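In the two complexes below, chain A is the common chain; its partner is chain B in one and chain C in the other.
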Partner chain A sequence: MQNSTSWRSFRMAAWLGWVIESNWTDPFLFAVYSIVKPISGAAILVVMYGIISGGNFDTPLFPYIYLGNAFYIYVGAVMTGVSWAVVDDREHYKTLKYMYIAPINIPIYLLGRGVARFITGSIAVVITIAAGIWFLNVNINFAEVDWLLFIVTLIVGVVMLALLGLLLAGVTLTVARHEGFIGEATAGALYIFSGAIFPLDVLPAWLRPIGYFMPTTYWLELLRRSLVGNVAAAFPTLANFSDLQILGIMVGLSIFFGTISIWVFRWCDKFARERGLIDRTTNY
Partner chain B sequence: MSASFAIETNDLGRIYKLRGSKKEKRKELVALQNVNLTVERGELFGLLGPNGAGKTTLIKVLTTLLSPTSGWARVAGLDVHAEPEVVRPKINMVSGGESSGYGLLTVRENLWMFSQFYGVPSKEANERIEALLEMVGMKDRMHTKSSDLSTGLRQKMNIVRGFLTEPEVLFLDEPTLGLDVGAMRDVRKFILDWLKADEERTLLLTTHYMAEAEELCDRVAIINKGRVLACDTPTALKQGLQKDALFEIEVSPLNGLTQQNLLDQPEVTKAAVTETETGAKLSLSLVEESALARVINLFTQKEVKVMNLTKRQPTLEDVFVDLVGRSMAEEEEHGSGE
Partner chain C sequence: MEAVSRKYSRKYTGWRLFWNTIIARAYPRIVGQQREVSWLVFDLIMPILGVVAYVFVYRALNAPEEYIGFVVMGGAMTAFWMNILWSMSSQLYWEKEQGNLALYIMAPNSMMAILLGMALGGMLATALRAIVVTLIGVWLFGVSFTVTNYVQLILVFMLAMVALYGMGMMMASAFLLFGREAWHMANLAQEPIFLASGFYFPIKSLPFWVAAGASIIPLTLGMDAMRQLIFPTGFKFGFLTVHLEITILAVLCVVFIVTAKVLLGHIEKIAIREGRITESRR
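== the complex of A and B ==
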């Protein structure tokens, strides 16, 4: 019974999320959104790198930042996908209260709503990486890719990001105002602490612990190692750790943050019911 | 087992903490105070009160959306605060006066999705959707995107959403608010037909339309400023207000019959006489209806003919005025300034 409730919540939420996400009256706009946006984001990075490095694209640093940036697309996409559903249902469609009184599992429902952004995010990631391979000499030797490590890392990371999205959804639930950008904002804030575009060693020593505490740091490192092992090994940040050790740290931190997220969501949910915030809209 | 009641509240209270400006002390707003209500299974129960009376707050507590700050409430025998997950499959709720729903889904898709959240098998859901849309007269709109519907039709779709899951207890918060007269009539008829179809179905409805409460509800609770002032059948409420029978009588010229003559009758408590072109209009309060015979007798003695006789019913509006001291409209005006 519990299982079927959860599955029902997830399945229908994913369907709904996809209908909303893919509701582009103009396929051209959809293409712009899902292709041009990530490519232009990468292009800005490439230009900046080109200027700073004096046009040297042959060092390991380039694929390092290029892949880090590409996979970082998931961070904003998944966290926003999950947390934005609260704003969307409450403010826009005025259905959040009806979702709440339905016999569904609300956290699972919200996670389901994030699936669509995961899919569009994946498209953006693939396109960005493909562009890197074709136009910018980002070398991925597909025969040497550690696919098992890649898949496992990707799955654990996406689940971790979805749970962080749930934490943000909880926070969104408790603020009566329009805080829809919270997912992207959080992703932006964590960008420099995750080793996405430069190794953590570049940060001042007193800021590095933040990076070492973020599961995203290990997640990006493992993704890079699984795809381009030699490049990742060139950076000292996590050189002393084996793939398995890093995976262990990532899983451990994911469980830690996941547990906190669920706990925070429950607390926010209770708080929202105490304050009557579940159907409260901005124009109240 | 107290499962015999569909809804039961005990000293239920709800206080909102209001956040004013920083320097100002936190104010509190008492939205519900010591609400004690019981609703039997199969009843159509009405909450009647002006805007701001606390009707929506009560519905939110009963539908597990809002925690009470004191007392408790049970729906279908289950505590709404302690066991929301067990209550939810048994209930549903519709708020009028707002357009909710996913505009990019069709009417059928919107309804179907909600039926799936309640675990209704897909085929059965589609059958119910068709039947209910037929009943509210919008079956031809089944495949229309809900963003293309008029506000009235969106509200009807929302109402269908509430009934679709066949809840044990259904809550309708001002279901006809903002609808035009025709749609209002459709919805009221729909509500009554739906209840007739199954005796176990319970419906709690809030309204600030007197006529709606009178026409639809088995019992009505009159609520103002968070307190339940009276709760009974509309008939009993009105009877309780005015034990005397009220009559409006048009007669031929009085032939010397005076107001005093009427008041001299022991059963007549009030008598107002207005002369008209054709005779007179009398407004009488009698201790009991049977006393009317005496009055007619008096007319016969003076050869006064009765041209028209109506028994005037007190309305729920009279009941409200009696309880609060002013009309609902006045109460709304004054209430907002506080």
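== the complex of A and C ==
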């Protein structure tokens, strides 16, 4: 019974999220919207890189930046996809209270709401990488890609991001007026500390430990290594670690942050119920 | 009888009403926003995160120091573009969603004055944030400025702001016709504009016609001119001469404000005719 409730919660939330995300316009405009934003974000970095390097896209730094930025789309999409559901349901549609009294599992429902952003994020990631391969000489040889490592890393990473999203959703339940910023600020901070678009060695030495503590750092490193093996050797940050060691660190940190996320969500959920915050609207 | 003769019962008409409407609408932007301290923190953190990320990219690429300054300036100017998108263009849409728009139209004041008030308040409140972002950027990354011509710098900034907020007023009218797509449209107009307008690199680096097309957004030429005026080697990165950019910005000011006035009247009529003033399409 519990399993079927969880599955139903997840399935219906995923469908609801997809409908909310996609049916505000016709499919063509939706496709344009889904493509233009990530491509523009990547193009800013490409132009910056092109100006300084004089158009030399063959150095290891370029695929490092490009792939890091492309996969980072998942961080914003999945993490804020889950936490934004609280804002959407409570403030915008004013339906969160109905969700709470419905026979569904709330954390699973929120995780399901993140699926739509995961799908649109995946489309953006694929298009961004394809543009890099076709137009910018991002050298990915599909015959040499470590597919097993890539798929395992991607799955573990997406689960980890979804659980981090649950943590943010819990915090969002307890605050007013600025809940929309929480996801963006967290994603923005992780962008800097995960070595997404520059090696961690560029950060001041006293800030680097924050990056080493973030599972996203190892996630992005493994994704790059699985697609373009020689990129890893070009930067000293994690060069001394083997793929397996990095995978082990990432899984360990993911379990650690996942456990904290579940615990924080439960605490925030209880707090929000006690204080009557589930149906609070602020009109902000 | 005594009640109606009190200060707040005084009836304003004509330009006094117009002016007081501007001040009344600007007030929550200037004073109200400062009261929400946590918003101030987020308003500052978000642009700074972007600035820090792009500065470190340039550092990783061993870029000349001017580029760090370009990023800090671009990061500060993002505050204005975000304000235009979320607090000008989308504002009438939000007001409609919350039920205030009908009250604005019913009240015996000019909608143009309301838009001007929004613009004035938004401009001043955002300028405060942009200054803080610049100062933090300067402090964090040791950026140095050398102003070559203060008069031109002030003129460029003022013209860019007037044209930009004129554009915001114009877009506010257009957004009035949007339903749920308003949020997505505003969201869509971020990264592509940061790219096309050269927020983080000199616009001269883009192909000429792309840069020329992007010049319709006042911040494009405004930032290009300011970079030429405040960085010692900025003139090397200029897209057009500062004089020409000042002229174009002046033209854009007139075009956008006049268009905003015409469009507001026209779209208000359409919205009333089609019954969209009080609708809420969630």
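Convention: the second predicted complex is superposed on the first by the 277 of 284 C-alpha atoms of A that agree within 3 Å, B and C clash if a C-alpha of one lies under 4 Å from a C-alpha of the other, contacts with A are read in each partner's own complex, and residues count from 1 in each chain.
By our rule, a residue touches a chain if its C-beta (ideal position, glycine included) is under 8 Å from a C-beta of that chain, and two chains touch if they have at least 3 such contacts.
Keep in mind it's a predicted model, so treat the numbers as computed, not measured.
In the superposition on chain A, contact of A:L16 is made with chain B only, not with chain C. When the shared chain is aligned, chain C comes close enough to touch A:V47, but chain B does not. In the superposition on chain A, the chain among chain B and chain C reaching more residues of chain A is C. When both complexes are overlaid on chain A, the residue A:L61 reaches chain C alone and has no touch with chain B. In the superposition on chain A, A:Y212 makes contact with neither chain B nor chain C.
Judged by the touch definition given at the top, the superposed model places A:S4 against chain B, while chain C stays out of reach. By the touch criterion stated above, A:M99 is placed in contact with chain B alone, chain C being left untouched. Contacts of A:F150 after superposition on the shared chain: neither chain B nor chain C is touched.
In the superposition on chain A, A:F241 makes contact with neither chain B nor chain C. Of the two partner chains placed by superposition, only chain B is touched by A:G276; chain C is not. Residues common to the contacts of chain A with chain B and with chain C across the two structures: 93. Considering their complex, residues 24-25, 33, 36-38, 40-41, 43-45, 47-53, 61, 65, 92-93, 177-178, 181, 184-185, 188-189, 191-192, 196-199, 202-203, 283 of chain A touch chain C.
Interface of chain C with chain A (complex): residues 36, 38-39, 42, 45-46, 49-50, 52-54, 56-63, 67, 98, 179-181, 184, 187-188, 190-192, 194-195, 199-202, 205-206, 282. Taken in their complex, chain B has these residues touching chain A: 16-17, 57, 60, 63-67, 85, 88-89, 91-93, 95, 98-105, 109, 113-114, 116-119, 161. Against chain B, in their complex, chain A makes its touches with residues 4-5, 8-9, 12, 15-16, 19-20, 23, 93-95, 97-104, 273-276, 278-279.
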